[in-house]
């Protein structure tokens, strides 16, 4: 039934595969050697259902996408007061590799720029660099739901060429932001940036944030809701560098990109997204990944301010008016995430009924993505030897001239009558 | 049943009444003459239910809280392309009365600073200042659900003393941002800022934004969802001046304050808040209003990234297992807004049952605010001669040693048995 | 004798006449209508001697070159404390039409940007705009040594289109920098900028600054040395906008340019320069004027840090060893200005001798410009039926293989002997 | 005869000894351990005459005063093009230890901030750090006229604590500004800053700059005039950090201060000044040294724009109207430096006359410092059994009621008559 989502994803991935703008990162040879055509995307629903398309199993280095996770770990282990004393939460309006230290407080402006990310490493309490890195590696792995490992070549290269980061670390030391040896902290930072992930890892990490800290795959609580809220808040205002306002307006998902070519985006409560394509724009963001995120947000209505409409929505009641027939009553606004959930709920329950009736007569707004998903439901049920009817008097889902006109009913009563007839017909040997 | 919400609101209002820090705005005599002790707050649920406390009927001038609404009107009438050509969407990191024009594009950085707000006025197409103001006044009134009028004295004073705004308007004219006569545009701007509102007006305006443009009081669609999303997005990154990151982290509601003493805050999909207290901090924000918003967000969990958890939540099913008994089955995370809705749903339906059973056995996370509301439900029903039971095997709502222990059951079956007994007892004359 | 200087000036003017880069100012039609080929330059020595080349009699509007003079007038009339309270003296690093108000003090950063210049107008005490302008007009006229008048068309145009300046004036009013009505102050400012000057006026105004406030033409003291020092100091650090360091390094003359096409440059103690060519570069400086100033400074050694070398230099003694022979003994470093003065001193005194002997044996450094001037002296005297000999044992002036070898002597004694022989020969009828 | 200068210097040094504001530098223990009461000052005339007062023989570390000299050495050895490609010449408006790299070019803004100074070190071509340091040490020593050595403790401490400078060096490396190993360059920089000087060294280094590169003590040319001009130009606009405009206006001498407590100031063509007092203000400038420089400039008229007036000044003629009498004819403006020179010229020549007559009748402006020096000349000559008369018809030097009235004459003839009478009287046995 989720084939529609899958098909949609494959289709836009195919569309953007044609875009070959951008350049491979070349500040270290390892990044310049990757296959520029790689392109993958994974969606994870907040209950852990995975949609993958393209090179979703290819590993690449996490790079700056690590920043929110080490920040979260620092919040977890050192508490918000200690972290706030060393790292701010305001947008810097500057490129990620600027030093961006607040003039008055001497703190890095936020944890999404290198200065703040390096400071965050130092706020993970540990007695040695190895212990500190082990904590970070375990933490990220818990978010991903599998053991993440290091790309040793990338790590060696980053370490050999990191003059800018060394400058930042020594500057922080001179301001009293770093208490540990700058070179030790940097070593952990370089290792952290070299951890390998796939888009499916990123989607799961994102979904764990979307689920307020519970990994939907493992069911394990990785961190608590307050840490997630703080982390996502900072991603909202500082995640996409100097275009926070534009990203919030156009995409509306807390997100983080890395020069490895990945982007991780979170739709709180709903969805985790991971993308990968190594060709970067001038700001260091993956060209295709940005396009993909914008398109997904636009077409699926994944803006965090929009999705909140779902809050009062979806299945207000599920009941069986008679044997073999189940009615799913949807209320409120129906957008992509809600509709996707409705479709999967119906799918999961389909062993228990012969005819599923979706009643959208009390729904408010239904967007395009939802229409496609919901109207496609009857086909999917039909393929399983069942029937799916839709109660839609105001044509919220089934428009004039739709191919699904024959499954549309004006009242639940009509639909139930039809369902009874269908069941009878089926039993009578058809 | 919503008395709990009312009581909570009265209590925190009373608490912050003791705070007398801050100063009255004094740049015009009219603002310096208001009663500094005034303090009011109104909450509007997204379906229009109003909770008021304190001076919620006192009128004050809207001032900068007008900015998002004129921006929305400009988007409505001129379209996003025309508006984007003249006004940016990035945080300015500067005080509201700085000129803050982007060095490269010469556009005001965003519509929440004076420069952007004045530009927004000029983007409301009209053939005269009077016509333009009439459009603005009508638009705001549609958001508020009542006719808003001007404070003539404030308007006259603003106009007489507005050197800074005149400077900004002439600067914009020199950059080609303003096509109309700067003095004409300013006159409309001064009138717009002088419109009088109450906290209840602000709450309704906020709720209209929370409802994606539909006024929950009048049911009228004032603007469309795309305009609301854009407007709220800009409020997220630019609404609270130079502390966007801190406000998003700590409060997490798109908001706008005015030197008149008001703050309007929106919890998308859920809630509109209006507050008023004229004592201002150094940045021009109402001291008590800021405290109130922070407390409400913290204690009621009104962060937009948190609330999204409600998306899959609340009443998944409502059914009557037997006569006189109704079961409300809650799923997902239960936070303030969802719980408030559950309580009101039960309240609305209580004529149809004798015993209401709230089944939270499949709920995930239940926060403190929700616990108080849900557990208080049984008392409220009891006062009406009915009973309220809670199925809560994992003590998500009723903690150990709670006074509500006697209404807690481990299974729906147990609760239904108890309900049947209760009804029998009641019929038997007890 | 000063023909060499004249020839030099004509030659470099001719060279740069070929440069036709740049655009006419077009923000008002009057400036866009001037003849783009105009090109003039005037040098005034500190004792008032004038060298002119090209369109030195063409009038153009003074524009921003007015700024240092109104600043000087404000210092004169209101005193440095009152002026410092309203206008800073630090470089702004910004374009002239930026507002550039110090964030902390709210004062314009310096008097060479529009904000500071408008503030300076308001610091000329007067009971009416007409009186204030009359004071300014008189003051500038005293610097120029003739009555300067207004270009009425330019004034009318500036006034009609001055949105940017109106913005600045209202901003200053809102900061309490302007005590008078912003429109009144601006009116005077627009008039001041519309005063017409020639390059010769500018050179005289510059020479008056070079002479510490005494007009070398009229002998009248226009202002005192402290005001001049302050004014020139501010021109050093703020006169050429955002390239103070480069201008000081490469040119080293306090200077001010205007969009009318003029540049005024001052070599303190030595020289005033005025140039005119209306084609402007992107920063609003006259392209040819900038080239001319750079070349003059480079080739004539007009850097204020270099020229100070002259301090101990030039004619330490003048004496007549015998009838008809006068010895001029030059000490110290000989650069353009000193050499030019030596040449003119000899020229002035040539009625009193038959043979002039220039003794440079005790001079230190002699630059190229000085060599040309000094060695040419003998030709000039020869043309007047006299002789000019040079005592130059170390070849400081007359290099190996020079055409002037025959007038070079190793000792004063040798030169005096030769002079006596020359006079004898002349008397004997040759 | 120069006792007046000496007395003046002793007096103002004594006055400022009472100032005990400021703090010892404490970023390394060595600087915090110096005696806070130390206070010395040395003046060197451009011909090498030295006036010393207080702790002028105490050694302290040169620190940032090294910056202009390494910049000069880089210009000398690598040429201006290569240097300009790596270091700008514009004021940074920022503290010395900010990174201050130009956003567009990635070059340090100027060589007077640490970033530029470190880059300058790397522009001294050498095959090893030791060779590079040897070149620097030799160069500084040539300026000072004696061998300068390193303070090994300060060097060790700087090296151990220099996180900020390490940050800057790595940042420069990442921008491609540093071609050598950052740690190697820094090591030379730390050594350079640890060289020990006295105020007399600083005064001689300054006088060498004042003399356009010729050390007045050794007579050796250390660098050429173009390098000096460039170096002094940059000191004018960038030497005193973020107060360039104020320093130029108030002091008007290219200068450089160091956290060791020293200030070096140059009056081009005239004077070198070195001061030392280790108590620093908040910006890291020596409190007493700044006061001293301001007072010296103000009272002695040492502003570079003022002093240029001297250019046409001082002794235009020296002649002997009769045996035992010498007339010194002063022209132009007489300020401190010119007058000091006149006094010393008379002093030097006094073996050749019995009566010295100073003719100031053709002088223009005579400032207070010059009056004191010139009028005191007669006392000094009297102490040597000679007489000093002043021809001063317009009372330029000898005011009404002056104690020197008896040596004042209205014409040279009167003075010569009096001189003849004096000589006769002396011969007749008086």
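To keep things simple, chains are lettered A, B, C and D as they appear, and every chain counts its residues starting from 1.
Following the convention adopted for this analysis, a contact is a pair of C-beta atoms (placed from the backbone, for glycine too) under 8 Å apart; a residue touches a chain by one contact, two chains touch by 3 or more.
Going by UniProt, the chains are A, B, C, D = Glutaminase.
Everything quoted here is computed from the prediction, not taken from an experiment.
J.: Could you work out how many touching-chain steps separate chain B from chain D at minimum?
T.: Contact-graph shortest path, chain B to chain D, evaluates to 2.
J.: Between chain B and chain C, what is the separation of their C-alpha centroids in Å?
T.: The separation of the two C-alpha centroids amounts to 66 Å.
J.: Measuring from the mean C-alpha position of chain C to the mean C-alpha position of chain D, what distance in angstrom results?
T.: Roughly 27 Å, centre to centre.
J.: What whole-number Å value describes the gap between the mean CA coordinates of chain A and chain C?
T.: Once rounded, the distance between the two centres reads 67 Å.
J.: For chain D, what residues touch not just one other chain but two or more?
T.: If we look for residues of chain D contacting two or more partner chains, we find none.
J.: Can you name every chain pair that touches?
T.: Listed in label order, the chain pairs in contact are A-B, A-D, B-C, C-D.
J.: Over in the complex, which chain C residues touch chain B? Could you list them?
T.: Those residues of chain C that touch chain B are 99, 163-164, 166-171, 173-174, 182.
J.: Per the contact definition, I'd like the list of chain A residues that touch chain B in the complex.
T.: Against chain B, the touching part of chain A is residues 46, 88-91, 93, 110, 212, 225, 228-230, 232-234, 236-238, 242-246, 248-249, 252, 254, 267-270, 303-319, 333, 337-338, 341, 365.
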